[in-house]
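Chain naming follows the written order as A, B, C, D, E and F, and within any one chain the residues start at number 1.
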Amino acid sequence: MRTVLFVGSFDPFTLGHHDIVMRGLQVFDKVVIGLGVNPDKKMMFDLEKRLFFIQKVYENDTRIRVTTYSGLTIQFAAEIGACAILRGIRNSIDLEYEKTIALANKNQNSNIETIFLLSMPEYSFISSTVVREMIKYKGNLQGLVPDVLIPLLQQ
Amino acid sequence: MRTVLFVGSFDPFTLGHHDIVMRGLQVFDKVVIGLGVNPDKKMMFDLEKRLFFIQKVYENDTRIRVTTYSGLTIQFAAEIGACAILRGIRNSIDLEYEKTIALANKNQNSNIETIFLLSMPEYSFISSTVVREMIKYKGNLQGLVPDVLIPLLQQ
Amino acid sequence: MRTVLFVGSFDPFTLGHHDIVMRGLQVFDKVVIGLGVNPDKKMMFDLEKRLFFIQKVYENDTRIRVTTYSGLTIQFAAEIGACAILRGIRNSIDLEYEKTIALANKNQNSNIETIFLLSMPEYSFISSTVVREMIKYKGNLQGLVPDVLIPLLQQ
Amino acid sequence: MRTVLFVGSFDPFTLGHHDIVMRGLQVFDKVVIGLGVNPDKKMMFDLEKRLFFIQKVYENDTRIRVTTYSGLTIQFAAEIGACAILRGIRNSIDLEYEKTIALANKNQNSNIETIFLLSMPEYSFISSTVVREMIKYKGNLQGLVPDVLIPLLQQ
Amino acid sequence: MRTVLFVGSFDPFTLGHHDIVMRGLQVFDKVVIGLGVNPDKKMMFDLEKRLFFIQKVYENDTRIRVTTYSGLTIQFAAEIGACAILRGIRNSIDLEYEKTIALANKNQNSNIETIFLLSMPEYSFISSTVVREMIKYKGNLQGLVPDVLIPLLQQ
Amino acid sequence: MRTVLFVGSFDPFTLGHHDIVMRGLQVFDKVVIGLGVNPDKKMMFDLEKRLFFIQKVYENDTRIRVTTYSGLTIQFAAEIGACAILRGIRNSIDLEYEKTIALANKNQNSNIETIFLLSMPEYSFISSTVVREMIKYKGNLQGLVPDVLIPLLQQ
């Protein structure tokens, strides 16, 4: 059984994240969603809420496990027995950033690959930043986050 | 009559901004310069000063209106009857950023286009960040901001 | 009345081209589609066919004029009284290419701007090259070219 | 069992290609290497030689199958039951090119993903073009192609 | 004698920085390493420590001088008689950033060039940010910073 | 004395090339301009003419030597005792291309560096391709090539 790890701060989880998870499941058996604990970074939603949102989206899907983690991502990937870290790429800015992270991870543990999917074009403009902006100014969240999260985010 | 909206935080307004406004007027009838109100972002110049600088540059040009606004840019564009949002692009970093914003706007209101002009090469290195650096270290502002602003910025 | 020029070799005309023309008409009054004559470049479809395809797409739209031209694009833009050349940008590769062309044009005639629209994400992968490949290997043309062209291209 | 398809014209096969195949096998069970038949493209080595080179590299590895194919890659991927097409990315130029291909493939068959690995930095400058240049001017092939191919390519 | 200036905040100095300095010495006679004083930027290591680290690396190399400076880099380059500012580029994100800085410097003093070396691929993922992350989570520093600094950074 | 090598096919030599040569001379003592002999590539001007054009531009400047060469650039750089190969970069497309070449050269001979200058913005749109286009369609060559070449190229 092939497990991959998909990590982020998910502040909040978007349709772009969801798309990568679903497409990852076309190729791998299990996706572990790792919510990184980073006390230094200021977030719109606290850790519990961010975790709750993702669990809400996948509550009936046994192929997905949602969890928090702290420390180096590559070490967490090894602990859960992932064969790869799964990442989405939207554009060339993402690419250069991801390249740095992937190579730093390879440098720590060369047995775990980083595997990339390209964002589908209809989701390529979505980021947690855009979603937070829409929440702040009461814009339309349709098409930006999973439907089940819309009422929860608009409170 | 075709109106376009040109927005930013303009901290401060530069020759790069000015060039986009002037070239926009070769193609459209009116340019509204919208100074976004963002209390969370730390600025070198306060809102009143930033507004005053831009008004100073265009005080005799009736094709240009300068104003502050808050909320989503796309909503403000609709309110003032703009057919498009006008943006300048300097390089591929700008492009990917602008793509995200333009598509998020399209997602909110598909009737308003975002129209891009490429920065002229002689202005392509100019940013508000560079200007603030020059002010801070008393560098030469010639060729970075409209001449009329130089004495005002050096105080 | 504001006219813009949209040029290419259109071998063949795609939904990506069509999208730029339609969105250009939200901002400008008239779009002239200029089919560049370039005897040195090997094409899949000859000039007459390529012209016929575009005319077919816009046969009832008086806001659009389709024509061939030879020589420098910037000179043709001046001849037809265009205030700007209209271009679509898909990604950062396009940007650097377009920058070169736009600046070379500015160097020849500084009164005519080049105005850019970003490709909509659902069309961003479409190019004449992709369409020719699909024609060659009898792939699906749906969503790649205007519907009216599908039977004509599959012959 | 998870099979992925890795395609190219491999004129000739390089250490960069080899690295992607080997790393693909850390994540998937089987890699099919598809050598695209394209009579219109001028090659340094003919189809038989290019096929022979790759078979030579993997002659004892049962996890790898080497074969030629013609037509659309996405159709060939479906025929062999691949869950994904495997690609290497070196830089942002590659990315934009790959994005176009991946989305065009998705448009033809949405069940097959394209999965990307980033080239390892020590192979990131290697391309078949560079190798052909070295062959032509009798440069050093060490570190550019699998060792077993060096005597075969230098003839 | 040709002197070049190499500046940064070096929080901390990495093998990537070291590689640029060493390769700079293959082409120029002397490299001055300028540690920029910037009281507004929050650092992991204070100025004295950062200076000490770099001095430690080069304590026996008379071709290198390490010093702090404040104010505009281009003015400091002129003061020390440098013919050029030396910079490393890792990727296209770096390029656009560096272009802005280099042109702003040229605008202040056109006699001093900015000269670029491309990062060697094995160092291209290294940044001070990555190193700080590894220190924070007790990851492996081997291959990221000069060996002499490893015990000092792990305290 | 520090010599650098500047190579190309120079079909024809442009103001962009000239700018790199002149700025190279602010930092190095001698620039050897190497005109690569490549019989496979179709050129607008034959080798003799291209050589003559460059010699014309620099006929009184003893710091510059103009010559043809064949074979690998890195071998030629070693033969003439160059400490570095000098290259201009205009944009991120150039960067990725140059990175490949520079690393391939390093792989052949690690003693010779490749040193980059960024194109000045006013020359960043100039390429031999643009100049050939202007010659073909009788556009204005002012600001594209050294003045002394204008009458020679317009014949």
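Following the convention adopted for this analysis, a residue touches a chain if its C-beta (ideal position, glycine included) is under 8 Å from a C-beta of that chain, and two chains touch if they have at least 3 such contacts.
This one's a predicted model, so the numbers in the text were calculated from it and none came from an experiment.
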Via touching chains, chain D connects to chain F in a minimum step count of 1
Across the interface between the identical copies chain B and chain F, with over half of residue numbers shared counting as same and under half as different, the residues used are same
Interface repeat test, D-F vs A-B, A-C or B-F, passes over-half contact pair overlap for A-B
The chain whose C-alpha centroid lies farthest from that of chain B is chain D
Per the C-alpha centroid definition, the whole-Å distance linking chain B and chain C comes out as 30
Averaging C-alpha coordinates per chain, one finds the centres of chain B and chain D separated by a number of Å equal to 47
The distance between the C-alpha centres of chain D and chain E, rounded to whole Å, is 38
Flagged in chain E as touching 2+ other chains are 91-93, 96, 99, 102-103, 121, 124-125
Touching pairs here come out as A-B, A-C, A-D, A-E, B-C, B-E, B-F, C-D, C-F, D-E, D-F, E-F
Listed in rising order, the residues of chain E that touch chain F in the complex are 2, 23, 26-27, 83-84, 89, 91-92, 95-96, 98-99, 102-103, 106, 111, 113-118, 120-121
Per the touch rule, the chain F residues reaching chain C in their complex are 90-93, 124-127, 130, 133-134, 137, 139-140, 143-144
Residue positions on chain B within touch of chain A in the complex are 71-72, 75, 92-93, 96-97, 99-104, 107-108
The answer for chain C against chain A in the complex is residues 91-92, 121-122, 124-125
